[in-house]
């Protein structure tokens, strides 16, 4: 048990030490010269104007939301599929009901315009 | 196998009704979505009939090896949730007219929240319980944030979501430990495996679960969300939250604690800790209600303290105590819905729900003022209203177990509560509302007002029918 | 020296606890609402790790009379994942709606409701 | 076995009729004031007739004495508790609703229905033209129902329910003129203060329930065995004593005993007939009635309980009486007088004489209602003037009011053969006989003070110099008729105590032997003397402001007193500087200290609430942190608090199995 924790301990020490070293060594070694050019956002291309943070269209989010919701629901299909033979017809019907409910949800999202790009 | 599905009849009915409401909402063109109310009411009534049939024909069965139970206890709570949903729908007909759009979803979500509560009351398995809980709360997140124009509503929704999610994570973390300790998530099996053992891990699991539920029923100090969310939410939803969501929390908590963890929960330190939480809830909840200016916020604190009274029955842990919980939760539905329906009426007319908006209500709408008075006095426990009988059952059960000082606190704080309830009454009756016009109430609202008042009065004078139902339901929990 | 790294239940529980605490820390300290939602996911995944670890290490018994193993913990985890996803979906939608009205998604600015 | 008197089983109609009238007025006839008042009065008069019928059954047909041993009960079940029997009771707990008839309740029925009927008739004149005329009568009916229900209760819970209802009616009626801010405040104060008492009462009820498993008065009475009396609760205090103290808190609030008396003087903001009915004759004596109902409990408790009751009563009596001297508002004088008389009744019960207490309750109801209604008549005539110094000369203009008021004053002063003499005499002799010489002294002195301030009121208001700006006129007959009837009862009411099988024979504790007592002149003598002394003294002092009308009215007395003018001077000095001063000091104490404490409690509650509320910062992350910290604290307390938590926490005192 102790050995195991010892291993984790060493791992932990390394994990902490490595980034620290990697950050501090260049700081100590590298020469530092500041200039206006270096302070700009990009070293090439156009200079940005206004807010640096770009806003995405909310439709991206909507798509993402709909996708996440439906994607995750399908996780239930896996155990069902694996045991499909043993579960019999009743489980088959049940899964249809489940999918039907999902479809109502999908229909709802569609009708409410979640899939339209405006 | 198929026959067992009959046990799920109320849930299935409600799910179908909910989906139909959603679909109908889509089929009717936007902007002219009328006729949802009758449909919803009809659906709830049908479900109530099914649940009532189960209760009165003494259906006591379990499903999938005890993962889902249809006993009298669950049926009682199902009736309670449906009654609450029905009153909310009826009382909000005028309020909903003011909502920008999405009226169909409003009713659909109310139904799905009720479905979640029913699953909570019926589940014999912690994961099923969790799914029911989340079905309820996710519906509530949306409902709370329903007034998209009003920044407060959205803020309340997000706050509720984040805090609610933290609490469910805590609850689940506890559940994962219970699973680790016993290898099962079925409540009865957990009880069998745990026996009367008490290890630090059990205590941790127990307290995590307790904290998760305490959030839902808003025991102090897990109550912080309640006032903000109650204030921000649309009035009918606040009522629904205060009444049904809380009752659902109790339904699940009582089952988990008294069936699954009875040996641990009501023993030694844990019981004392629970008693301290309850005492704190009653004291601070009532005291904080006093300085409030906003009606919904005051009712939030009031409902926190009411949760303290109800939790007394849990602490007693006897069939009598559970009977008190059931009885009080039910009459609380009617008392609170009465008060909130009046608040909805005032809020629709005034566009705000400060206590001072109630000035002169006695003149502007005498019925509303009377209903508000009756409801508030019932909550304060003034005989001969139903609240008094309920408190009597609860405190008697607790006294039975010898918690004399806690009973004492409960009494003192009941007296204190009269003070702030009376402030509202005084505003309604004894302050002139300048020259504000009379408030008209629609048929559905009037019906709600009358029903809540009559039930509160009737159960105060003749509580036997409900008491008998509560006794049967409580007995089924301990079978 | 011989480090035989056998990872057991305690390690998983530790990871779970750490994840839970990271999540909690995130909820306590992150300003951006989206980051708070992400932290919540961490907390829920901590639960999943617990459930699956318990299942794997403690309750890995076969179902009576078959060679199949009891997978209560795994199934529970799936339910948790699904419900959490639904929760976060609603959460994101709310964040968007709040962002639209307030042009900010910082949770510490959500203080119109207090006292 | 008792012969079932036919009237007894109809007793439930006595409270039911006013309830019906309340419902009819509230839901149907609200728009027609005349009809409303007619319905209300018809209902209460019918109740009165029924009450007389019941009383006839009790007192005149020979079953009265049997009823003391075996009260008549007529019950229906209300709350049913299934399962195991509770406490000492052999049967599962049932709480019923019903009517209990014994001489005590029969006497109360008569008093309440009589006074309520008269007050309602009076109100037709007094409230004439008021905006809330119908509402007023609805409340009156509701009150009558509640009070009668209280009187007829068979068990403590039923009594408590009606107890709360009368409190509610009192709240509604004090705040009846809600456009006056003072009325609103007074109403709230009355409700809140009495609630403090109610909480003690309810706790006492639960204690009784816990131990005995029943709340029925008769069953409780039969359980008072020596073993029960010996049961110890905490620290050597017997269980019954503790319970008796808790229950007694109820009467302290309701019957205005020190220090919860502060609401009663303020309650005078209500309409005067309300003050007469609720705050003088009926509701405030509910506390006294309660003590009498469960007198067996106090007898079973240790002597300290009754001792306490007696002392508090005596203190309240003298305290309130000395304040009354310094008051100028006619209704406030009467209010403090009521407090003082209530103290008298409580003292009577405390010194061990249920009979004397209830006797005084009855006579007091007559003469105090009379004086309140008289005061109402005066206020009505002077267009809402209440300061006695602004009155004067009313004697001439308001003959009926004046005469009846004088009868009231003489009755309360204890002048034979008026009602007050007999009941007061009974109290004083009980105090002396049962070994309370100090209380006897206090009672005697209070009797003098009572005579003094009442005469003062009468002399100034009725016999003082006439004021030019006042144009008093006698009130209409609906208002004077009740005065005359009450005056009649104020005269003859006390005679009920005279015959061998009189008041004392019927109204006595359950299970006690009747001991006839002759008139005790050793007590009666001083009692009469101090009463007359008070009257004369007051007359001398305040007569100074009078002019010829007084001389014309009482020439002989005037002459006698004039000859001893130096005595008058001396008394004047004493009264002005000492008695009046004490009165003023006590009044100050009452207003600022006692009242201040009551208000202070409300303030503390309020500021604690504001303080706690500050935690609610609106920052959801703070909420989340509090949530989690609370969880950790809980966990630490539970795991590491083994043993300590129990010791730390008083909640575990009796607790948790």
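Descriptive notes on the structure:
Each chain carries a letter (A, B, C and D) given by its place in the written order, and its residues are counted from 1.
Convention: a contact is a pair of C-beta atoms (placed from the backbone, for glycine too) under 8 Å apart; a residue touches a chain by one contact, two chains touch by 3 or more.
All values reported here derive from a predicted model rather than from experimental measurement.
Common neighbours of chain B and chain D, listed by label, are C.
The chain pair C-D and the chain pair B-C differ in C-beta contact count, and the higher one is B-C. Chain geometry summary: the mean Cα position of chain C and that of chain D are 65 Å apart. Each chain gets a centre from the mean of its Cα atoms; for chain A and chain D, those two points are 75 Å apart.
Chain B and chain C have Cα centroids lying 28 Å from one another.
If each chain is reduced to the centroid of its CA atoms, chain A and chain B end up 37 Å from each other.
Each of the following residues of chain C touches two or more other chains: 24, 27, 75, 86, 107, 110, 112-114.
Shown for chain A are the residues that touch two or more other chains, of which there are none. Counting only residues that touch two or more partner chains, chain B has 158-159, 162, 166, 227-228. Taken in their complex, chain C has these residues touching chain D: 24, 27-29, 107-108, 110-115.
Residues 16, 20, 23-24, 27, 33, 36-37, 40, 43-44, 46-47, 50-51, 54-55, 58-59, 61, 70, 72-73, 75-76, 79-80, 83, 86-87, 90-91, 94-95, 97-98, 101-102, 107, 110, 112-114 of chain C are the ones touching chain B in the complex. Interface residues of chain C facing chain A in the complex, by the touch rule stated above, are 2-8, 11, 75, 78, 81-82, 85-86, 88-89, 92-93, 96, 100.
Within the complex, the chain B residues that touch chain D are 158-159, 162-163, 166-167, 170, 200, 203-204, 207-208, 211, 215, 221-222, 224-225, 227-228, 266-273, 275-277, 279, 284, 287-291, 319-320, 377, 382-384, 388-389, 392, 395-396, 399-408, 411-412, 414-416, 418-419, 422, 426, 429-432, 462-464, 467, 471. Those residues of chain A that touch chain C in the shared complex are 3-4, 6-8, 10, 58, 61, 64-65, 68-69, 71-73, 75-76, 79.
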